Each structure stands twice: as structure tokens, then as C-alpha cells.
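One chain, subunit A, appears in both complexes that follow, with subunit B as partner in the first and subunit C in the second.
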Partner chain A sequence: MEKSVIGATFDAPAVDRYPAPNAGTQRWIAALGLIALAVVLPFVVSKYHVFELTMVMIYAIAVLGLNILAGYNGQISLGHGGFFAAGAYTAAILMHRYGVPYWATLPPAALICFALGVLFGLPALRFEGPYLALVTLALALATPQLLKYFDNWTGGQQGINLTKPLPPHWLVIDRDRWLYLIVLAALLLAMRIAANLLHGRTGRALVAIRDHPIAAAALGIDTARYKTLAFGTSTLFMGVAGALAAIVIGYVSPEGYNLFLSLSFLVGSAVGGIATIGGAIIGGLFIEFVPNLANDISDAAPWAIYGLAMLLFMYTMPQGVVGSLGPWITRSMRQIRAQRAAFAGGDEEHDGKGRTS
Partner chain B sequence: MHELLQQIFSGLVAGAVYASLALALVMIYRATDLVNFAQGEMAMFSTYIAWTLVNAGLPFWGAFIITLLVSFLGGMAIERVVIRPIENAPVLAAVVVTIGLLLIFNSLAGWIYTYTVKDFPSPFPDRPLFGALTTTRDLGVIGVTLVMLALLFAFFRFTKTGLAMRAAAQNPDSARLCGIRVKRLLAIGWGLAAAIGAIAGILVAPILFLDPNMMSGVLVYAFAGALLGGIASPLGAVVGGLIVGVTENLVGTYLIASQLKLTVAFALIILVLVLRPNGLFGTAIVRRV
Partner chain C sequence: MTMKRALMAGLSAAGLILAGGLAFAAGQYGPGASDTEIKIGNTMPYSGPASSYGVVGKSEAAYFAMINDKGGINGRKIKFISRDDSYSPPKTVEAVRKLVEEDQVLLLFSTLGTPPNTAIWNYLNDNKVPQLFVASGADKWNDPKHHPWTMGWLPTYQTEGRIYGRYILKNLPNAKIAVLYQNDDFGKDYLIGLRDGLGDDKAGKMIVATQTYETTDPTVDSQIVALQASGADVLMTVAIPKFAAQAIRKVYDIGWKPTHFLCSVSNSVGATLRPAGLEKSVGIISAAYEKDPTDPQWQDTPEYKNWLAWMKTYNTAGNVADGLTVSAYSFAQTMVAVLKASGDNLTRENVMRQAASMHDLKLPMLLPGITLSTSANDFAPIKQMQLEKFDGATWKLFGAVISGR
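== the complex of A and B ==
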């Protein structure tokens, strides 16, 4: 904490750098291309892979939520699995008990988790660093216990079984691909909202609070308000992700929301890119696929391999994949553009000379 | 009344173990501003080393000393190989690295020693004392913790290395200008923490039985104890650990069924922290900007 100086802000890849004039259109084209690819993807891979990719996107929403808090605002939470669980159980209870259609469970899950996050964030204002880590760790450990304790609502140990929703009958696709598309839409919306929130005044305020809380307060940033806002927004994302997970998996149970889940989100957020939005997808991929890969490499000690992978990523890319590679890519893109401009400029100069002679 | 005292005593025994591990956490936090989430698993691994030595036929205290030495060197090696490369990385990266270490140690222990629960010998005889209030074994656990605390106090108060470590933790730059090899001391700090953790592991293993997940619960309570006492205060860590041990035991016995024991114990600890955000023995950190 004490080591960080105000200058650190310039190194952090948090705030959008001023892009080159026509970079905006290029970026839009690239984004549209990626979205088109993501829409086509489920129709070319097997059903099981569709499910896996759906989970990747759900984890990405969750990682994005945690990144708003931990990456941008520097509040490290070890307990966000608790809010993920709250979202999942909100959806499950609404669907199972009250017969609410699956899509209508998302707004209540988001609202409830936002409220829970703000309520939790208020006492958390008093805590920093390791103290916040302890409080959130307690939340992560309490989650399965609380879920088991209130068993007339949560179904206790058995959990709740849900029927997976069907696609509208005018659409001729199966249910897994339909859910994939819904989750994709949710992810895109989440990324758009996060970008609007973070690439501006609010994002700068959050980063300033992370890098130097005292200086931020001295500049007139209402630190308590922004920290609570960051907490609430991040848990809102968690709630939506949790609700989607409940719908897609069709099952919720206390043991699924343990400490390990919370830690996975944190790992995903660090590996993907601290304080980046695109990094969330890398984080989702890491959470979904690396444990399986580790199992393939060594079924005797898979978690040792998983741990080694975490260490390796952190050593080679301490800012996360997107946080470390992103600036490099931007730099090389800029170089290429500059070279192109130089070529074009050279041609014009040549032409100009030709005319004068 | 007798039962209450009995519960307090057994809480103190658990608390002594939490206190030892909390001390290890505090050592590392003071030196590197880092909460080492792998501390419990490191201790567990050390305990397996002791178990191997005892099973190979060494006398208990011989195995104890060798384990401490091996843990000390292992801790130094971890600092050098794993922690130093991320010295200047973001906090989140450092947290992830210690979580990675946790997974690696847990998985390695499961791989080498399997997940079956193992008996671990206690060096102390198990005889009831003071009309079954406590046992000689429990007193032994508390005694070892107190001796360790006294030794650590002496180390930091009277030895040159101990004083240098305090200087390096307090102000690394000035310490370096005084000719103190700060990085070497960081490594020693990690080594000491690993050795202290090993003691905690060896103390708790006869009670909880030895398996790769033995220390995960202990770590959480130790962490709570360290923070309750004030994360930068070794004495606070010990007192905090003891308080957590007693609270946990009393909550479990009198307040609520063990199902929610952990939740309620934590709620109480957090309540205390809301009122005293720097812990019972911590002082508010004043930062010059």
C-alpha cells in the first residue's frame, strides 16, 4: 500500500488512453467481428462444448464484477462466491416456488445482490487490505453453512432441482444453444455497462481511490460513496452471473458455493487482467478449462498443476493477460499505423515533387 | 461452572495453536505487507515431514528439531524463489500467488502421503489434571506456545538479527542505508514464519489427526486471531489467537448448534473489528503523504 505512488496510475492499464482518430471505427469492426464469431460458434461445436462455453461466459460476467471491485477499486474480496450464491438461489427459489419464468428472475437477482452488496459494503468501508480479506473470507465460509441452515427456503443439503428452460417454439434451436445465446447477450450487456461505468469519471475516481486514497479524497472524490458503489455494482454482476448459472446448470446446492468458488473468481480476475474489461473472458476461460487441463496433465496432483499455472501467469504477466499484453498490442498497432502513415506520407511527397517538376 | 472452565481450557488449547499460526502470519505481514494464505498448508507439509521422521524411528524431539530446520530453510527458499519475483507486482497478483502456493502444497501432500487420515504421536502424556479440568497434553500445547513466544520476544529484543529485522520491517530504505541486508532478512523472516508454522502443525496434529486439509480451518481462525490482535503486533496475535479459540469453543457449546458455529464466531470477531478497525493491540497507521 505504502509503496504505491500517484504515478502508478500512469502504468496501470485502467483508464482508456486517447485512441488514435480512426481507431474507434477499427475497434467497432473488430468487436462486431468477434460478436459474429461468438454467435456462430455454438452451431459448429458439440453440445458439451456449448455448455462449457456458456459457463465460460457466466464466469466472465462474475470475474468482470469482481474486477470492478478488486481490480479497479483495489478492494480484494475473497467472498464474492457468496453473492454469486445469492443470485443463484434467488433465481432458483423464484422459479421453483413461485413459477416465475427464468428470464424474469434476472432483474430480482440483480437488485437483491446490489442491495446485499451495498449493505455489506457499508461496514466494509472501515476495513482495508487484510481486514477486508478476513471479512469477505468469513462470508465465503459462512455461505454454505447459511444455505444449509435455512433449509425450508433453500432445500438444505439436497439443493433445488430446476427444469431447464425451452427456447421459444418459433426458433428451431435446442435448449443449450438457446441458453448460450442468452448468456452471450447478458455478457455483452454487462461488458457495455462496465465500459460505460469505468471508462469515464467513475472509473478514474475508482482507480484514484485504489492508488492513493488520501490524495483521492483530497481531490474531492467522495471515497465512501464510490467504494460502496463499486461494491454494489460488483455484487450486482455477481448476482446476474449466479442466476444465469442456476438456470443453465438447472441445479443449486450449498456445496457448489464454497470458498474455492470465491477464490476462483479472484484468480480469474488476476489472470485475465487486473482492471481490464476484456480480461474477464480470459479469466472465465481459465476458471472453466485450466482445472480440466491440469487433470489431464497429472491426475495424481491436479491442483498442484493448477497452482503452478497461477504462479506462471502471475510471473510472466503480473498485470494479467490483457493488462500485460494489451498495452503491448496497442503499442505495436500504433507503430504499424505510424509506419503506414509514413509510407502514405512518403508517397504523397513523391507525387507532390512529381507535379512541381 | 466446572463445565465452563473445562470449555475455556479446551478453547485455550485450540487458541494456542491458532496463536502460533497467527504469529507466523504476523511475521510475514510485518516483513512484506503480505498475508500468506499458504501458511497453513506450509505448516501441514512440515508436519508431514515430522511424521516421516518419527516413522523412520527418530525420537520425537529429534524429529521436531530437524523439522524446524528443514521448514526454516524451506521458508527461505520459498521467499527467494516464489515471493521475490512478485515484489513489485500488484497486491492482487501477490494474493493469487500465495493462493497458488496453498493449492500446490495441499495437492503435493495428497499426492505423496495420500488423503487417508494419519495418527500423529503427542510428546506429552495424556493424564487428567486439576480434577479433569484439563490434561497434561493440553498444558504441554499451551506451554510450548508460551516458550516459543518468550523465545521470539528475546530474539527480537536482544539479538542483533532480531533488531535488524525490526528495523528492516519498519523502514527498509533507512535500514539498508545502515548496512542491513534487508532482502536477506526478508528471507529469514519467511524461514522463521515457516518454522513457527511447523510448531503449530506439530502441536495440532495429535488433536486433529494428520491429513492434507488439516490446517485449512486452523488458518482461518489464525487469520482471525492475527487481525483481532492487530496484524502488525506479535503479542496481539497470541492474545487474539487465544481469544478466538475460547470464543469458538464457547459459541459452539452454549450459543448455537455447531452447524453455524463458524458463522457466529466470525460475526462476533467482525463486530469487534467494526468497533476497533486496527485490532485490539494495533495502532492506527499514520501515513505521511
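== the complex of A and C ==
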């Protein structure tokens, strides 16, 4: 089960007081159940929905990347669409120009975006809060223009058309379902890496820097190193998401990577729960479905509906869906366990009394 | 003898009825078509930077509504499903996949914009879904060998650029030309056409300055100032309406008086010249292939009256001075003509075959002398245009219809 890290510090003693006898096992069973569901899902819905769900997972990887930076480390970026684009174009150029197979474009996209993120993160160290937001906003605004400027590589306005990868012939499934499974694997790996990174020393250091940079530095945390690391990891996730998006959509062009994309990621992050891992999936769902739903409700003012949906989420669940519901679920579970423990304890007492008397 | 003749007559009548019945029973349908309905898909930028083109989709819907009220096409009603893609290619892919896979449309019609259409080009051709009458003037839609399921409609940007080049070469042989163009295929295609029309060696000498803009730029003021500084006496503006209006205003405000050529994409009085200021637009030269609804010379013709009646009854949200509503009207009429010609064989293959066999199709709101023709090797329906000059109130056509091939 996911917990926000802030929540964890408060929850920890309580959880320890009433540990579920087999909480770890239960968690594993739940996780495996969800994964099994995710694997079966594409085979029971139509190809178009498979495509939509694939996009949801791609956006989830991107939102997860932003969560590491904005949620856990408190660095707000309005320009992550730029790194998403960098990943997309890395994959597209490698596939189109050099005939690299699609799966082999993911590691280079990850590496290039990690390097770009670290390079961008170095000067960004000097900027805090709103100033960093402005610097990254500049990146978001510049992205479409930069893509057009290097038109020898990027194909300029025309973009690059890619052929969709075929599944291996020994597997009897179509491209959409094959890509879904690849993206699912990438998402699970990304969530695993994020969990390892964040639920440990590094995660605590990142949160400490977010909550009180001076105190964190005084404790001996190398703030510059951790902030740069957060930036690089975050853009690495973005790069992988961008590359997957290019492969799945089969086309890259500057119009697809505008400021709105960067803002969508931040919206998805906030709606899902900015300092959570599971929230990324909610964020992906929001990015993919809410604009379309808004369009179905009113084609005259879809963005008003979109705005309304955002307000609704932010007012009712200010910590995001997972950030707000997560602690509530944890609390309820704890109460149930406490009741069970009390009940079990009462029985023991009773038995004990029975034996002594 | 009479008996025999009567029997023959009876038999042949029965044969005819039977044949008719068989033809009806043998009505062949692809996805999205049935005895009662033909589903047509479309994407439009109803929101985002290119939303001024949204009127095209709304007008097409209004035209199909009129056709349906008149009984449809061969008894079948048109269901026109138009989705917003905000001019963002990933959104277009999603919308088109939904139209093809969920809504099960027979074909895609008049999808707008070069990047959005490029994004769905391979998908539609791979899946053998007609991508008919693409609302983009790029040259690449005329590629029947590699993309047999895609067809353009508009005179291409290169065709039009070539027409301007030929005119300038003949009438302004000593011109120093400055070009403002949108930094994409749309802008670059015009420049290629213009160079082609001038001839390669002449083009190098005559074009003295070029400036580009991005659709995300706030204004083109600085580009206009830079072009004026080049000393050019001819300005060619290749811009969408918002930026074309800015350019016209700026040229006037800084007191520059070049012979101003404006691409037909933006020669709508309602969408470009009125926002720019009519007095600032006097003398601008453009090219046309369809009738300007504000031109008094058409206003007594039955063609114009029919169009106006449709505008007043079905397209009430549209502006009667907006040329985009005329384009949409003609786009939709081409679609209806092709579907009519397809008869009861509404398979994707047959619709494509009919689209590729138009012979001098005349449409009421195209300029006299301009017709649509296609063949198995020619997927560019309109290839001719006529030049026109703005007199402060309307466009005045001059010269003959010029072919830009």
C-alpha cells in the first residue's frame, strides 16, 4: 500500500503498535492481483480502449517523474514537457534515421534525458519556488520552437512519421495489445524504482530538503547533490515516457509538445497526489480522460468543464486523490486492526482469567 | 405475336424489377454505411491556436443537416461526427482512432491542418480508410502511389505560389520581393512555388528578404519592420488569418506601401481584412478559386441565393462575409457528389474509386471556369485560380483563370 512520506512519519508508531500479522503478504497479494488484472484487461476491452489505457500508463510514468521532483523534493517544474519531447524525439530519430529497433531506443532516451535533466538541474539549483517555475516555463515555451529550429534532425513542422512496431511473431497478439504490455512493464519497473528510491535514505533526504533546506543542510545532507539527482531521475522518467509515447502514437511533431502538455503533467500530479507513487496512475487517467469527457459534455466550452473538474478535485481532495484517500484508508485499516486486536486481546484476557480462576 | 410481345414486355419488366430488387439487396456496405445511414468522421481545431478554422467543421455539419432534411443521399442520412483535436497531432491520432474503431465511420472527411493530417496519414492508409478532401493545401496529399487512401482538395500552396511567381515575372519584372511566412510546410511550400514560378535564377535575385514566424508568436510586427528595411517593393504574406491581419495593419501603420500579395488561406474579408482594417487592406492582391460572398457581382445569381438561403436557415452561427463558410459549403458538396456517385456500393474501395474519377465537376460557389478533376494518378482536385485585388470593400477579380500546374 502507498503512503505519503509525510503521512508515514505520523503513521509509523501507530502502525507498529498494531501490526497486521501478515500485512506484507496481504500487500503482495493485493499488488499481484492488481498486476494480473492489468495484464488481463487489454484482452477484454476493444483495441481503442487498449490504446487509451496505454496512453494513461505513459502519462502515469511521466507524472511519476514529476512527483519525484515536485512532490518529494518541492521543486516545481512547468517545463517537463520539454524532457518528454526530448525522449520522444530521441526514440523517433533513432528509429527513423538509424533503424534502431523500438525497444532499444528506451535506454538511450532515458540516458539522454537524465543527462539533460542534470545539466538543467545544475543552474536550477540557484532558483527556488516560483523562480524555478519561471525558468522551467521558459523551457516549455521554447520547446516547439527549438524542435522546429533543428529541423535537419527533427523534421521541423512536418515531424517524423514512424511505423508502429510489430509484436514478435511467436506471440499471437496485435500491435496495440503488445505495446500495452510493454508500457505496463515499463510502468511497473518505474514504480518499483521510484519506491526503492523514495522509501529509504534518498527519499528522506529529498523530503527533508523540501520541508526545511537549511535544517537538511545542517544535518549533513548534500542538498545540491540530492536536488540534481531528483532533477535527473525525474527527467529520466519523462524521457522514457516520451519515447514510449512516440512509439505508440507513431508520430512526433512540435505541436504535440507545447506548454499545455507541461501544465497537464503538473495538473495530473496535483490531482493524483503530488507526493505519492500510486497517485501517478490517477494523474494519468485525469490527463487522458478528463479533456475528452469535458468535450463530450460541452463542445462549446470544454476547457471550462476541465477547469471545473480541476477545482472540484482540488477542493474535495487538496492532497490529491491518493494523498487524501490514502491516509483515510490507512486510518480505517488501522482502526479495524485495532478493534480486531482489542477483540483478540479481550479473548486472551478472558481465557487467562478462565484459567487462573 | 401480340401475346409473345406482351409476354416479352412482361418478362423484361419483371426482369427490371428483379434486377432493381437484386441491386437493392446487393447494396454493398463498408463500415459505417447501411440502408439508412452513412457515418462520416472529421477532426477540427475547435479550440487552441488554430480555432479560427473551427467554422469549417460547423459549416460542414450545417450543410449535411440540410442534405438530411432534403431526404439524404440516395435515401441515406449522413451522420457527421466531428471531434476537436486542438490542432495537436497526438490528439488527432486519438480522435481518429476513436472515429474509425469505436464510431466505425465509413471515411474521414475534411480533417483540418497539415500536422494533424500527417499524424493520421499512415494509420488511415494502413487500415484502408479513405482520408478524403484533406483541409490542407500541402502538396503531399497528392501521392496516389504511396498513399492511395488520401486525397487533397484545395489548390496546393505550391500551385498558388507558382501563380504569383508567374504574375510577378510578367507584370513586375524589376520587383524586389520580401516574404513573410509561417515557419512550417505551409509557409515553405508557398516559397517553393513562388521560386518555381519566378524561375530559379530570377528568384535568387528578386527575393531580397524573408522572415518567418511561429504560430505561438504574439505578433509579427518586428518581422514586418525588418522586411521593410530590406528595401523591398513587393511583399508576399504567407500567414494564417490572425497573423495576416497583424501584418496588414503593421505595413499600413509604418507607412510602407509595397505591392502586397496575400495567400488565399487568409484572404477572407471577415476573418482577416475586417480585423486588420478595410482601409488598410486596399490594393492587396490575392488569388481565388471560389466566389467571395461579399462580391456584389454574384449576389443576384441563383448560386449565391441558394448559398445565402442555406446560411440563413442552417448555418446561422456563421458570418455571411466569411469565405471559410463558402469553402466548407464546397467541401461538403464534393463529398455529397462522391457519395451520390457511389450509389448503393458504399464500400471504402468504391468511395475512393469514385473520388478518383471526377470529371470537370462544377460546384455552384467555385469561380466560373474552375472545375474539379481527378484520376487514378491525380489526387489534386482543384488546380486553377484567378487573381483578385481588394478595393476597400470587396475583392475584384482580374485577368484570366490561371493554371498552377
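Following the convention adopted for this analysis, the second predicted complex is superposed on the first by the 320 of 357 C-alpha atoms of A that agree within 3 Å, B and C clash if a C-alpha of one lies under 4 Å from a C-alpha of the other, contacts with A are read in each partner's own complex, and residues count from 1 in each chain.
What we mean here is this: contacts are C-beta pairs under 8 Å (C-beta built on N, C-alpha and C of every residue); 3 or more make two chains touch, one makes a residue touch a chain.
On a predicted model such as this, the values are computed, not experimentally measured, just so you know.
In the model built by aligning both structures on subunit A, subunit B fits alongside subunit C without clashing.
Touch criterion met: A:Val267 reaches subunit B, while subunit C stays clear of it.
Of the two partner chains, subunit B and subunit C are each touched by A:Leu141.
In the superposition on chain A, no contact is made by A:Gly283 with either subunit B or subunit C. By the touch criterion stated above, A:Asn258 is placed in contact with subunit C alone, subunit B being left untouched. In the superposition on chain A, A:Tyr48 makes contact with subunit C only, not with subunit B.
A simple residue count on subunit A separates subunit B from subunit C, and the partner touching more is B. When both complexes are overlaid on chain A, the residue A:Leu311 reaches subunit B alone and has no touch with subunit C. Of the two partner chains placed around the shared chain by superposition, subunit B is the only one that A:Pro130 touches, whereas subunit C remains out of contact. Of the two partner chains, subunit C is the only one that A:Asn161 touches; subunit B does not reach it.
In the superposition on chain A, A:Gly250 makes contact with subunit C only, not with subunit B. Subunit B and subunit C never share a C-alpha pair closer than 5 Å once the two structures are laid over each other. Overlap of the subunit B and subunit C contact sets on subunit A: residues 141, 145, 148, 302-303. Of all the residues in subunit A, the ones that touch subunit B in their complex are 1-3, 70-71, 74, 76, 123, 126-127, 129-131, 133-135, 137-138, 141-142, 145-146, 148-149, 212, 214-215, 263, 266-267, 269-271, 274, 300-311, 314-315, 318-320. Taken in their complex, subunit A has these residues touching subunit C: 46-48, 51-52, 55, 141, 144-145, 148, 156-159, 161, 163, 245, 249-251, 253-256, 258, 260, 292, 295, 299, 302-303.
The residues of subunit C lying in touch with subunit A in their complex are 46-47, 83-84, 87-90, 93-94, 97-98, 101-102, 114-116, 118-119, 121-123, 183-186, 214, 216.
Within the complex formed with subunit A, the residues of subunit B that make contact are 29, 33, 35, 82, 85-86, 88-93, 95-97, 99-104, 106-108, 110-111, 220, 223-224, 227, 231, 259-260, 262-263, 266-267, 269-270, 273-274, 277, 287, 289.
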